[in-house]
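Can you read through this structure? Questions will come right after.
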Amino acid sequence: MEYFVQQLVNGLTLGSIYGLIAIGYTMVYGIIGMVNFAHGDIFMLGGFAALIVYLVLVGLFGGIPIALALFIMILVAMVMTGLWNWVIEKMAYRPLRGSFRLAPLITAIGMSIALSNFIQVTQGPRNKPIPSMVSSVYDVFGISISLKQIIIVVVTAVLLTIFWYIVNHTPLGRAQRATEQDRKMAALLGVDVDKTISITFIMGAALAAVAGTMYLMYYGVIVFTDGFTPGVKAFTAAVLGGIGSLPGAVLGGLMIGLIESLWSAYFTIDYKDVATFSILAIVLIFKPSGILGRPEVEKV
Amino acid sequence: MAGTNTMTKDPILKVDHLSMRFGGLMAINDLSFEAYRGDITALIGPNGAGKTTVFNCITGFYKPTMGMITMRQKAGKEYLLERMSDFEVNRDAKVARTFQNIRLFSGLTVLENLLVAQHNKLMLASGYTVLGLLGFPAYKKAAAQSIEQAKYWLDKANLTDRADDPAGDLPYGAQRRLEIARAMCTGPEFLCLDEPAAGLNPRESLVLNQLLRSIRKDTGTSILLIEHDMSVVMEISDHVVVLEYGQKISDGNPDHVKNDPKVIAAYLGVEDDEVEEVFEQIEEIAVAAPGETPK
Amino acid sequence: MANMTNTPESAGSNLMARALREGFYAGLVALGLFVLFVGLKTDQNILNELILVQRWGLLAIFVVIAAVGRFLSVAFIRPYLAERKAEKAAAPVKDANFFVRNFSMIAIAVLIVYPPIMVGLFGFQGSLKWVDNFGIQILIYVMLAWGLNIVVGLAGLLDLGYVAFYAVGAYSYALLSSHFGLSFWILLPMAGIFAALWGVILGFPVLRLKGDYLAIVTLAFGEIIRLVLINWTAVTKGTFGISGIAKASVFGIWSFDVSATNNFAKVFGLPMSSSYYKIFLFYLILALCLLTAFVTIRLRRMPIGRAWEALREDEIACRSLGINTVTTKLTAFATGAMFGGFAGSFFAVRQGFVSPESFVFLESAIILAIVVLGGMGSLIGIAIAATLMIGGTELLREMEFLKHIFGPDFTPELYRMLIFGLAMIIVMVWKPRGFVGSREPTAFLRERKSVSGSFTKEGHG
């Protein structure tokens, strides 16, 4: 039982990271109907930004309190990846908006290849390990919960709340939802569609940057290829939850985190990704638009 | 019920106690009617009366909640359409249809659109692709025949000049005719047309009427059509079924329906822009209608 | 600034002011983008701790390039392009010349004489690189992309896991040949059949899915197959892969095994060289490509091919015409997969070694990119795209002279995938419908007119 709860805690932590990335996929999909394949690499970029900021901070002020350091890392990484995603949207995706559905997908795949190789070229191909930043571990009723895990779950929960508020209760959120429903009509009613889409990309990137920072802190290592697997898992999470649905993305992320940790714990770690992908396939076969997705009505 | 086509009265399609529920909404409620062989039957009714839903049930795109739809072919073979999937309704029962919002293969040429419609016949002739791929003469012959068939319908629909243009490039009226020609290329016994005159100008409407009449005359295909344009309905249909809120309120020949107080009430009570049309009809036949005021 | 002659002075200076302003902003944005990733580099010291190396000079170069580039683009390049566009619109459309009209015939002829020319130019040993790295490598991708084209380009079903069928083909050859000693010529069709079977098995459950749901599930299946290949070590030897795969022979008549008595070089009394085998492989893959093209062209004119294209245009209309869309989709999946399987068994025979590493998602992405960049459905466009993208990146391996410019530490190969990714973006933004966006009709009454890309749809499956 304790073992099981322990795995639940681990899965929840992992799922939080996937959920944060998945929101970026789902938001961009919701607003312009495009699968932003480069989003996983934006996440990796965020992790690298956090890494470099951490090294700068340690270099400048050796004994900086770790909470402050983490805060600055998250903040700078958010700004940094937000800027990247803003530029990427403007240069690579905007010219293709409204054209042929596959063109932006291919551009996004190209962007993903370019981004990961850009980091390989500028930062080197090797693993980048950092010493453990947070190492406290608490024992709660026989289950060991590390401070890292608490930070990840708390930060995710706080961000999701803020985010939830923005999308549902602010003019920006209203503009986003309007653009999602009908871009042309929204523009006619005075919504600045370009700006709304840009902000959506920036928000998605900022959340991915937080995920990247958390990932770096949790695993203590990052490498230029790290965008792919978490990216695909997060995309899987978004689709599993029903792409376009924000709660769906979080739910999907948590589900995938739990599937992974429970499968690794009770069966074999080798096939954990096979399990994830198989469950995705099975869910979609029975519920073709994901768990919380609106079913696509076939209009005859 | 005032009958039409008093000579034969051979039903090609029988709809029995058809009901279709969407969540809490009863789109069709216990609807029964018949369409007779060789007739042009019109299904009319105010917006939201459930006409397209009836069509989708007949052509297999929706599975009705209850009821039975029987298609009886010329040779006597009967099909229960509600048990068949959409493509089987066309392939086996020989029921073809068009769509309210035209669904052409816009990137294929007009000719290719008509060839796609002959898919099942050609698949058989090509030995499910294998023999055709190896260049067997049987397929070549069938392919040539299919082009002839397409030419026949191109000519009928007055589209021969545009045969090699992409279907998406045609003007609206031509697209409507092409969709009908494409449906006819599947060799149906029963043709369902969903608002074929919608969006057409009076001249195009006239051409359409001629096309429909010649389809019936030359191929003996029975037609069921949904239409808002009363001039089309009254002019070419032999039999009219009126729906309101998913129920049949009138059934009979055009004259009978035109004078049915229930129909007049339904139109006057529901749809502003059609009131005028109904008034015109009333004036034309100069009937003093005591029941014209809505209840 | 010839184009500015007929505009007022003030417009010119306005343009300059705008260009300067935009250049400045671009520099600023570039500073923001690159300050962490270019200005600072994470490196390991002797103690294996991460340290930062500062590269402010390089950062300055990046910023200056961005600023100047933006300035030039706004001030000169864009007005020039706008003018060119206007000129082009005014000019009458030229008839296709001889070269364009007979492009495919000329291309095939060039490919047939390619190996002898390379041998003539570089000798047997020197031609290896050109025949193998360029010729065979490009042709494999041409074949894969033509195979995927059936699924994506014709039937409009987005498949992100095509590489799975390539893997099935490669592993069926590798396993059956090493366990049962079957020859290439028996295993080639078998690999195709296995891959087609897998296409049906994987295709069946996902047929109800549409668009991006289909894409993610095909991606998932691709990953599942790769992960199984990695983890099922008892059969696949996992990441070590299967090596020592038997070579193909010329229909069993001449072998390329050095020890065999019917060795090709021995029979003809030629000096031993590995290039004969490579040249044979070149013609083999060329023949396989031509087979793929032939079948695709034939199929497009058959009811099944027309049904695929109709499916891409409108699935509901297809069903209303009595077309069984389930079997139609499955045949598209199976046919595409079959060609993937053929290509896979060729890959195994060429490498003599297969491992899961060759079948990663990136391969699927590259193949799909070639299909879309070339123009969905267009065989010629796809072949051009494969040549440019694969040949181009192979060419980067050869850029040894760049070492003289950037110093001996410079490895052009490192930049290969970076440039590949950027090229994908640039080509797509430049030509969203690919190199050949129009579609050739499969039948005509009077004259064959290409269908403009603006009418064709890309499918929703």
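Order of writing sets the chain letters: A, B and C. Residues in each chain are counted from 1.
One rule holds in what follows: a residue touches a chain if its C-beta (ideal position, glycine included) is under 8 Å from a C-beta of that chain, and two chains touch if they have at least 3 such contacts.
If you're wondering where the values come from, they're calculated on a predicted model, not measured in any experiment.
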Interface ranked first by C-beta contact pairs: A-C
Centrality ranking, top chain (CA atoms only): C
Chain of greatest Cα-centre distance to chain B: A
Centre-to-centre distance between chain C and chain A (centres being mean Cα positions), rounded to whole Å: 29
Chain centre separation (chain A, chain B; CA means) in Å: 50
Mean-CA-position distance for chain C and chain B (Å): 46
Residues of chain B engaged with two or more neighbouring chains: 61, 99
Of all residues in chain C, the ones touching two or more other chains: 316
Residues of chain A whose C-beta touches two or more other chains: 300
Chain A contact footprint on chain C (complex, rising order): 29, 32-33, 36-38, 40-44, 48-52, 152, 158, 205-206, 208-213, 215-217, 219-221, 223-224, 227-228, 230-231, 316, 361-362, 365, 368-369, 372-373, 376, 414-415, 417-418, 420-425, 428-429, 432-433, 458
Residue ranges of chain A in contact with chain C within the complex: 29, 35, 45, 48-49, 51-53, 55-56, 59, 76, 80, 83-84, 87, 92, 95-96, 99-107, 109-115, 117-124, 126, 128-131, 228, 232, 235-236, 239, 243, 270-271, 273-274, 277-278, 280-281, 284-285, 288-290, 296, 298, 300
Interface residues, chain C side, partner chain B - complex: 295, 298-299, 302-304, 306-307, 309-310, 312-314, 316-325, 331, 439, 441-449, 451-452, 455-457
In the complex with chain C, residue positions of chain B that touch it: 59, 61, 86-91, 96-99, 103-109, 111-112, 115-120, 122-123, 126, 129, 132-133, 139, 147, 151, 154, 160, 163-169, 182-183, 186
